[in-house]
Amino acid sequence: MLRIAVLGCGRIGQMHAANLAKHPRAELAAVFDVNRAAAESVAKAQGVTAAGSAEEIFSSDKIDAVLIATATPTHADYIEIAVAAGKAVLCEKPIDLNLERVSACAAKVANAKVPIQIGFNRRYDPGHSAARAAMLAGEIGDLHQVIITSRDPSLPPRAYLEAAGGLFRDMTIHDFDLARFMLDEEPTEIFAIANALIDPKLGAELNEVDSAMFVLRTASGKQCHINNSRTAVYGSDQRVELLGNKGMLLSDNRKPFELRRFTSKTVEASEPYLYFFLERYHEAFMAEIDGFVACVEKGAVPLASFEDGRRALILAEAAYKSMREGRLVRVSEIAA
Amino acid sequence: MLRIAVLGCGRIGQMHAANLAKHPRAELAAVFDVNRAAAESVAKAQGVTAAGSAEEIFSSDKIDAVLIATATPTHADYIEIAVAAGKAVLCEKPIDLNLERVSACAAKVANAKVPIQIGFNRRYDPGHSAARAAMLAGEIGDLHQVIITSRDPSLPPRAYLEAAGGLFRDMTIHDFDLARFMLDEEPTEIFAIANALIDPKLGAELNEVDSAMFVLRTASGKQCHINNSRTAVYGSDQRVELLGNKGMLLSDNRKPFELRRFTSKTVEASEPYLYFFLERYHEAFMAEIDGFVACVEKGAVPLASFEDGRRALILAEAAYKSMREGRLVRVSEIAA
Amino acid sequence: MLRIAVLGCGRIGQMHAANLAKHPRAELAAVFDVNRAAAESVAKAQGVTAAGSAEEIFSSDKIDAVLIATATPTHADYIEIAVAAGKAVLCEKPIDLNLERVSACAAKVANAKVPIQIGFNRRYDPGHSAARAAMLAGEIGDLHQVIITSRDPSLPPRAYLEAAGGLFRDMTIHDFDLARFMLDEEPTEIFAIANALIDPKLGAELNEVDSAMFVLRTASGKQCHINNSRTAVYGSDQRVELLGNKGMLLSDNRKPFELRRFTSKTVEASEPYLYFFLERYHEAFMAEIDGFVACVEKGAVPLASFEDGRRALILAEAAYKSMREGRLVRVSEIAA
Amino acid sequence: MLRIAVLGCGRIGQMHAANLAKHPRAELAAVFDVNRAAAESVAKAQGVTAAGSAEEIFSSDKIDAVLIATATPTHADYIEIAVAAGKAVLCEKPIDLNLERVSACAAKVANAKVPIQIGFNRRYDPGHSAARAAMLAGEIGDLHQVIITSRDPSLPPRAYLEAAGGLFRDMTIHDFDLARFMLDEEPTEIFAIANALIDPKLGAELNEVDSAMFVLRTASGKQCHINNSRTAVYGSDQRVELLGNKGMLLSDNRKPFELRRFTSKTVEASEPYLYFFLERYHEAFMAEIDGFVACVEKGAVPLASFEDGRRALILAEAAYKSMREGRLVRVSEIAA
């Protein structure tokens, strides 16, 4: 059994703790949060102990790995400490909001003897990954276009938005990673526009946006479009479309169940899509844990690696540059 | 050009006249209706002449074929006269409400030198016929079960119901024919129940029903279910499902266009299905004409033959007997 | 925490043990199986003890309830013993293959002070129960027709079929219960046909069938069709359709994920449906446990009661009578 | 009856001639083509006369309107001549490949006393126009994003591509128009990338592209993405998606019929989409004629006006500029 501690007992830490507890080859070894009450609550729910400090976890010889779900500014430090302590790492995205910090961290952990996995859970989604597998198997011939639709059901609270680091680093970063994952080739150019359409005050008060469109292109000319919105009232809208010269693949949205209604006004009306990303990507989060456990067991490189986390952030930086300058930006313009 | 006259200028006669006029290898030669004004109206709309009598049409050497869309009690007589006059016949269903009359007519036209086609338009529906073709091509292996859902959008006017001859002879007759068409083997047993659920007064006042369920079986054990309702508020509900030991085929409902709506209440809500059978089966009615023209040109036996019309009526009679006696009736019990 | 023991550690007992272990307000207290090794294996996997005998469980004051998943012939006895011991019961269907035994058991447990729930898991399926709720809320007006499609992906092993008690008692019993649940009124008449189409040897050697069709009707005239097959190669086919005078509701099949393929041959081709009933009805099995725990906590009557189990068996008996006699059978003809 | 002559008897002229012939309030008055044989063939098929010259048509007092379906370089001239002759005009897109010529033509016909309609048939598509109507009726609240997917089933012949004027002016021009139609506000900025992915030789030999992505934005910040491909092997892929803060609308693809296949490999596999644009947009082409006839009858401005034709070409020019310069181009940079 792989003994894993969870650092950070907020919403996503709680979910990971519960998921870990269900894994047949892993066990939740301990939890920690700077908010002691939060840690105690999760510890009690899962029947484990709440560590008094993060150090307690890093220094314990009863812990093999850590799942880092703390506030973003602590991620890079914790990764470095964990690696130094020989603990495998599964760290939530983003690694850091600052690319220089991420690159410095990369240098430090370059020779890590343990796997470091980044929380790009969508790579593990059964639908998305089956789409990619079918594409790699040649089902659609040569890949030409990727369309990623990624819309959250509603605007997060203002406090969240103030700390999140901006739409591109917080939300689109998943889509930048998914774009790289699906294109199977590095994007070399990127273009972005963004606006505060849902809540215009976001722009005036936070210099933030809530609706965005992107175009990416690889060296061989493969094209990718991403669109984002913070308000899809019909549920979590998470689609990936792959067009090739021999066909198309679509990983479509998920419903809680398949009830269809037929009236004199409309037919085939279904239950709204799974609303919150925790439900929408439930299987993905479970598979993410499973993938992590398997990598630690085998000493393999995770499907979502540290470098993947750094590359997605580079794309976010390039996208911001494109938005500011109104032009197609070469990804190589971002000093990585 | 095949010169075809239309007898009967009611709703369905008008449609056939318009469809004929569009066929590249047929021409509408004349129209007739006992209601002179109705005939004149169609004649004017299509730019042809309204015959003064049916005889005028049957005796004309400028007419090759007749499409009989008059009141049901005239069908058998007109078929016999047309055949005697050497005119090919496309006659609306049912041939007659009385099975003895139909069998007598069958005897008279047994050696007809012209094709006689019955208006079982659903055999010509692109979806239904592609389902059958796929089944015959072996796509689903051995056929085991056929499920026919056949529901009209709303109850016809009382006057129509009084003359229609009962649900089984008027409406289900299409489904009995479709069952034979899809089973690719003669049903030997039938069971029926029916009720007046939509308008209970139909039962009390007309001894009529509006909702029914049937089970049919062939000698080799293939099973078929038909369900009927006179009120599907979501549009014409016309589905055919074929289950075999290697798969299933479903000919599904048709929408006028593919607009889907997504709100916080429901997703993928589409425009109601095509409402009226004239719209739902528009392509089928066109293909029916085309099939008729081709049969006359080649002297071939129509896909929907006189005998098919008679067999469907036998099933209706057997179904009534089953309903009255509350038992599985052998089709051979109906003296044909 | 409700302490529940699982009797029977076969396929379905294993699943229930695992599900129970995940419930927040229940705990798996012990397991038992006449096959000691099977019990030990489940006990080890779940970290509980394997009882040496069923009696040990019934007499333990550390056990509040039992989940009976043993061989069918033991069900009625165990229910009686459990009730006498004051343990709440969740018993897999069918209660017994013999209706007299079931009725005798009913008499014995008539004044039970504990809830007795029967394993009609489909009542707890999110899609099916949402369909019923919408119908009861008046969304489709008056209910007229219910269509239940219930097809297993493949024929069970011969040994299973030999002990199962026949298609109607083993498989259709779920659909008979679902029919009662959806009709919201007792069926008073039933008609059945059945054949061995998938494996004709079943008929010759076991007097068993694998394909069946049923028609049921209530006193007020509501109609219900059920169709069964033991081979739907495209996955577990479990649909419920409710037609009313103001609309239709359809609880449709479930896919593992929503990947759609588009080629020059077909479009919108999806992953086959969830194959095995354990996967197809996973949420239903979880909700069934949850419903049971809630009923025990509140002393409430389960959604799927002992009487529901008995009524479904009466319908199975009536259906066999109909099949043998080739007629519509009144349910009251079965001495209950 | 509105008497309409068709100029140009190629593929699309033939289709228009046949459509016109079916309109209840229009009649095909004559046809013309520089290829006399082509004109004779259409004339014979439709039972009309083939004019000896275009002038013959423009000077005839038996012709009320012209439908211009000749080679693109003749469009602007014919529009000017027709307007001078007092004939209403329905002209295929594009008006001309040269924006200056279009603007000059605009000046000349500025005071036309007859309607001039441009062949942006997609505005008349039942699904697309119902989506727009629902959006304008407020169904999705404020419009934020428009996604237009527009893919042809296969690459046109080399000869066609050589004369077509480039992807943006030939194919995307429909989507630029649709973007304007759906955004209900003028796009002020545009970004484009394009590649020859399907046939790399197109780039080297014709300086042409076959795959493209665009981002447009209006002054108020509404965002629009268009993607194009010349090879969607699964049929004509023509989708329009409208996202608002209260919901989403999707005008989806069309199938010839609704046959779905279920096997052990895939479920719900449908017939490929209508393949060729003539079939996919059949209803749109019919409605386009109907809209034209109604505009001439009422002296109304067409839904697709001359200015719409000019604006779409401006967007094409701006898109080419964006592609060349790798930046977001303001539409106002194009001297119109």
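When the chains are written out, they are named A, B, C and D in that same order, and each has its own residue count from 1.
Criterion: contacts are C-beta pairs under 8 Å (C-beta built on N, C-alpha and C of every residue); 3 or more make two chains touch, one makes a residue touch a chain.
These numbers come from a predicted model, not from an experiment.
Placing every chain at the mean of its C-alpha atoms, the farthest one from chain C is found to be D.
Just to note, of A-D and A-C, the chains joined by more C-beta pairs in contact are A-D. Distance between chain A and chain C, defined via averaged C-alpha coordinates, is recorded as 40 Å. In terms of their C-alpha centroids, the spacing between chain C and chain D amounts to 57 Å.
With touch defined as above, residues shared between interfaces to two or more other chains in chain A number as follows: 232-234, 246-248, 253, 261-264, 271. Residues 142, 144-145, 147, 149, 151, 189, 191, 193, 195-198, 211-213, 215, 217, 221-223, 225, 227, 229, 231-234, 237, 243, 245-248, 326-328 of chain B are the ones that touch chain C when the two sit in their complex. Residues 232-235, 253, 255, 261-273 of chain A are the ones that touch chain B when the two sit in their complex. Of all the residues in chain A, the ones that touch chain C in their complex are 22, 125-127, 130-131, 134, 139-140, 246-254, 256-264, 271, 283.
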